[in-house]
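Both of the next two complexes hold chain A, though its partner changes from chain B to chain C.
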Partner chain A sequence: MRRVAIAASQTARFTKTSEKSIFELACEPCIDIVKSVRDIDAVLLSTCSTEQYSSTIVSEMLGIKPKISHRIDNLCNSGTNAIASAYSMIVAGLCDSALVIGAEKSDSKGNRLVWDITRGSFNFPVHWAAMFAKAHMGRFGTTEQQMAAVSVKNRKNAAKNPNALFRKPVSLEEVMSSRRIADPIKLLDCSLACDGASAVLLLSEERAKKVENPVWINGIGQQTNSASFAGAAENLSALETASRAAHDVYRMAGVRPSDIDVAEVHDAFTILEIMAYEDLGFAKKGEGGKYAEKNEIAVNPRGGILGCGHPIGATGVSQVSEIACQLAGTAGKRQVKDCRTGLVHNLAAAGSSATVMVLGVQK
Partner chain B sequence: MRRVAIAASQTARFTKTSEKSIFELACEPCIDIVKSVRDIDAVLLSTCSTEQYSSTIVSEMLGIKPKISHRIDNLCNSGTNAIASAYSMIVAGLCDSALVIGAEKSDSKGNRLVWDITRGSFNFPVHWAAMFAKAHMGRFGTTEQQMAAVSVKNRKNAAKNPNALFRKPVSLEEVMSSRRIADPIKLLDCSLACDGASAVLLLSEERAKKVENPVWINGIGQQTNSASFAGAAENLSALETASRAAHDVYRMAGVRPSDIDVAEVHDAFTILEIMAYEDLGFAKKGEGGKYAEKNEIAVNPRGGILGCGHPIGATGVSQVSEIACQLAGTAGKRQVKDCRTGLVHNLAAAGSSATVMVLGVQK
Partner chain C sequence: MRQFLDYIKAGRFRVPVCTSCRTKAWPPSPYCPKCLSRTAFRKVKTTGTLLEFSSSHVRDHEGLFGVVDMDGIRLVGSFDPDASLSVGMKVRMSRCGVSDAGTPYYWFDVVK
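Let's look at the complex of A and B:
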């Protein structure tokens, strides 16, 4: 089967808001990529924006006439869904190159879960995050300090990332004393919706041979359990979607959790990163909190969602972009040393759906 | 490479409007398909609705827990884009089965092209249709009667289709004397936005072996030239997107225009069907008008968009559903005899993007 490589990736500076349209935002990370490559066969735009024909409008603005163009959305894991689609189209031979763009405005309609009547009036994501945190604390003794440690680590990483929304580190005390939003979740346990865009260029194996440092997509795992929170969370302290997706991706890529050198995990709330350690097999069940204090592998070197901000349709693309940079050795000040195998973990809506990807380089 | 088959297809009754939500509409054609099959690995929803997480909501309503779920939109060719994606995911081995659903409400935001500033205030599709018609008439002598003949044929076919919006045939005189909307386009040269949904089930080659009458996807061609009308139509009397997509699909499927036994072409306006004859190679350049009067191969046996109505996100799926039924020999009263190779031609926004597919059966 034909292999697929990430040949280029770019992330724009994430900002609280901006005057830019969703189309202008989407073009921003693509300018250099488009200049560097001939023939882009597919343009897939990941966004929860309600604009029509958006992928094709962005293609026109970029001066590209691709064979394939469409927009993809699935809330916060739209980005990895778009990359999985582009990967598939290249493997299937429908195209040899695909530009996947993620873009979102801070006021995106995807930020509130009004469609889920099982949530009643609790349609802000922080409400399910609070339930997850309470359950994990009650069942495994996870502490608020352990959650806070995730925020401290990711904000520290974000300080080295010129594109992150939050460039100022925070201390454990600052996280612990920040305003309580929905007990036990505090302000600094939460990510913030923002404006942002990211793009990756995927190439077929034949075309990637001419590229320096191609990063290979070695595995993709996906699982959808429900749309509503009531159906998503049979067990409030673990995400079956993520663990199933992880199981599939490890098998497809032929690697184990211990082979992962660097990862971007979906830390929209600190508790989600702790659950991710367990769901991905980095830590044993119930030991995610302790793992957060040890920090054995490099998780969220770009600063994660907590540090970078959460432009929801762009998040999955920016996660993949970061791991591609890390594996290609182009991550600058935040470069993780000697990494050969990386992982991306991207969730939507209380983990009701999940994508996990494994990328790798030959060294 | 792994082949992909259409194993089942269903189209719901198209109606001018309804009380149903986009989610209820989307479920309608899926009920029987979901009952008949175990393990649906992917659900792709094609719609221009602005609802969030819609594919995943529909999956939950159908009681499916797919690996992959997301929504795809690209205006009127969203449906064939979604089928091309599902095809790719199966070929790539990310899934073995995929349910592609197209659904739209009559008041969809995709019906007006407000994003295209090159259209000025002429943002209803009929304006570009009028320009195409004028250009074709001026250059090739195509007549209003020839365009009207397309409407008469498709409305006659729709009368045999229980799911069509328009079940009453129209005469040439009725088309010719119908109200002029934008000269030379008359009311009965136009399709109508409506509520509707359609679904197809795609299976991998291995799984399709157990199915009666599988219909194979033998080729997919796609081309995007622009989003705006100004960029779409260098030549107002032919669509380069469609002819390029056709060129690619014929090569991929290893067939010629003369091999096509049955086709669904994108007749949102009568002039588009005449242009399609030429772009697809059924007729020589400039002879589409005459071809409309001869009717050599079976085009739009379900009644096309003119007869069935145009629920934009559902249209491409319902076109493929029709050709799959025809080739499987399950089209009932409108069955085209002895058809083995079929084609689908699906456009968006003045033909600024196009998908052409070739399906086939072994007989």
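Let's look at the complex of A and C:
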């Protein structure tokens, strides 16, 4: 099978909101990439914005005449889904180079799941997150302090990331005493929707020969269980979509959880990172809370969604962009030492769908 | 979906049930998710088990809420602020309706 490399990646500075249109936002991280590589066969735009023909408008603005151009929307999972699609197109020989762009405005329609009538009056993402947190606490004795530790770690990491929305660290006490949103979840357990964009350039094996330090996509696992909270997780304390995607990706990449040196996981709420430790096999079932306190492997070095902000269509692309930088050794102040194998874990809508990717470098 | 909301607006909890294999289509759908036959709205059991609950402090969405499973129909219900809840208890839908914002709501009582 043809291999696929990540040859370049860029993330723009995330902001609370801006005057920029979705198109201008989308172009921002692409400028340097497109200046150095003119020969781009595919442009995939990941966004929950409903602007028509948007990937083609962005292609035109960037002076690209690609063979393939379209938008991909699958809520928070959009970016990772778009990269999976670009990967498949290169493997299949439909194209040799693909620019995947994620872009979102803070007021995106994707922030509220209006179709999901199974959630009654309590239809904010924080409400399902509270159910997961309560279930995990009840079943495994996970504590609010353990959840808060995730926020402290990710905000500390974000302080070293010039593109992050939140670059001020927070203390455990600040998280614990922040405003209650839906028990046991507090304000600083939650991420914030924002403006942001990120881009990665994927190349076929042949095209990547000229790239100095390519990062390879060694595996992709995906699972979709439902579109609604009602069908997202049979057991509220684990995400079956994520564990199934992880099972598939480990098999495809031929690696085990213990081989992972660095990971970006979906932490829109602190409890999700704790569940991710378990669903990805980093920690045993029920021990994600304790794992959060040990803080021993590099999870969310860019600051995760909690630290960077959550421009939903851009999130998956920026996660992959971060792991590609880490593996290529270009992550600057937040560089994780000696990493060769990295993982990306992304979710949409209460974990009703999930993507897990494994990236690697030869050293 | 509109028909489901019309029933809810009238205070009646009706769910599409498969005309061929009797599977409930939840969330509501004109097709059976199991055999893809057409569904028809039917009265279903409105007692269930409380799987988890919490308190919301989100502005205009305050209150006690919980996930209820009624023989496979899982939804988030509202509870009286004074209700004393515990996971696994039996609850019954007391009323349902649609808010001004167009969102359906489902209120539950504890079964004594």
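Basically, the second predicted complex is superposed on the first by the 363 of 363 C-alpha atoms of A that agree within 3 Å, B and C clash if a C-alpha of one lies under 4 Å from a C-alpha of the other, contacts with A are read in each partner's own complex, and residues count from 1 in each chain.
Just so we're on the same page, contacts are C-beta pairs under 8 Å (C-beta built on N, C-alpha and C of every residue); 3 or more make two chains touch, one makes a residue touch a chain.
Small disclaimer: the values here were computed from a predicted structure and weren't measured.
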Partner chain in contact with A:Asp183 - chain B first, chain C second, else both or neither: second
Touched partner set for A:Gly254, first chain B, second chain C, both or neither: neither
Chain B versus chain C as contact partner of A:Gly332, first or second or both or neither: neither
Chain B versus chain C as contact partner of A:Pro162, first or second or both or neither: neither
Touching partner for A:Gly141 - first (chain B), second (chain C), both, neither: neither
Which superposed partner A:Lys65 touches (first chain B, second chain C, both, neither): first
Superposition-derived comparison: chain B or chain C, residues of chain A touched: B
Chain B and chain C contact sites that coincide on chain A, given as residue numbers: 115, 227-228, 231
In the complex, chain B residues that touch chain A: 1, 43, 48, 50-53, 55-57, 59-60, 65-75, 78, 81-82, 84-85, 87-89, 91-94, 109-110, 113, 115, 220-228, 231, 245, 248, 348-349, 352-353
Chain C-facing residues of chain A, complex: 115-124, 126-128, 130-131, 134-135, 138, 179-184, 227-231, 236
In the complex with chain A, residue positions of chain C that touch it: 1, 4-5, 26-28, 51-58, 61, 63, 65, 67, 73-78, 87, 99, 103-106
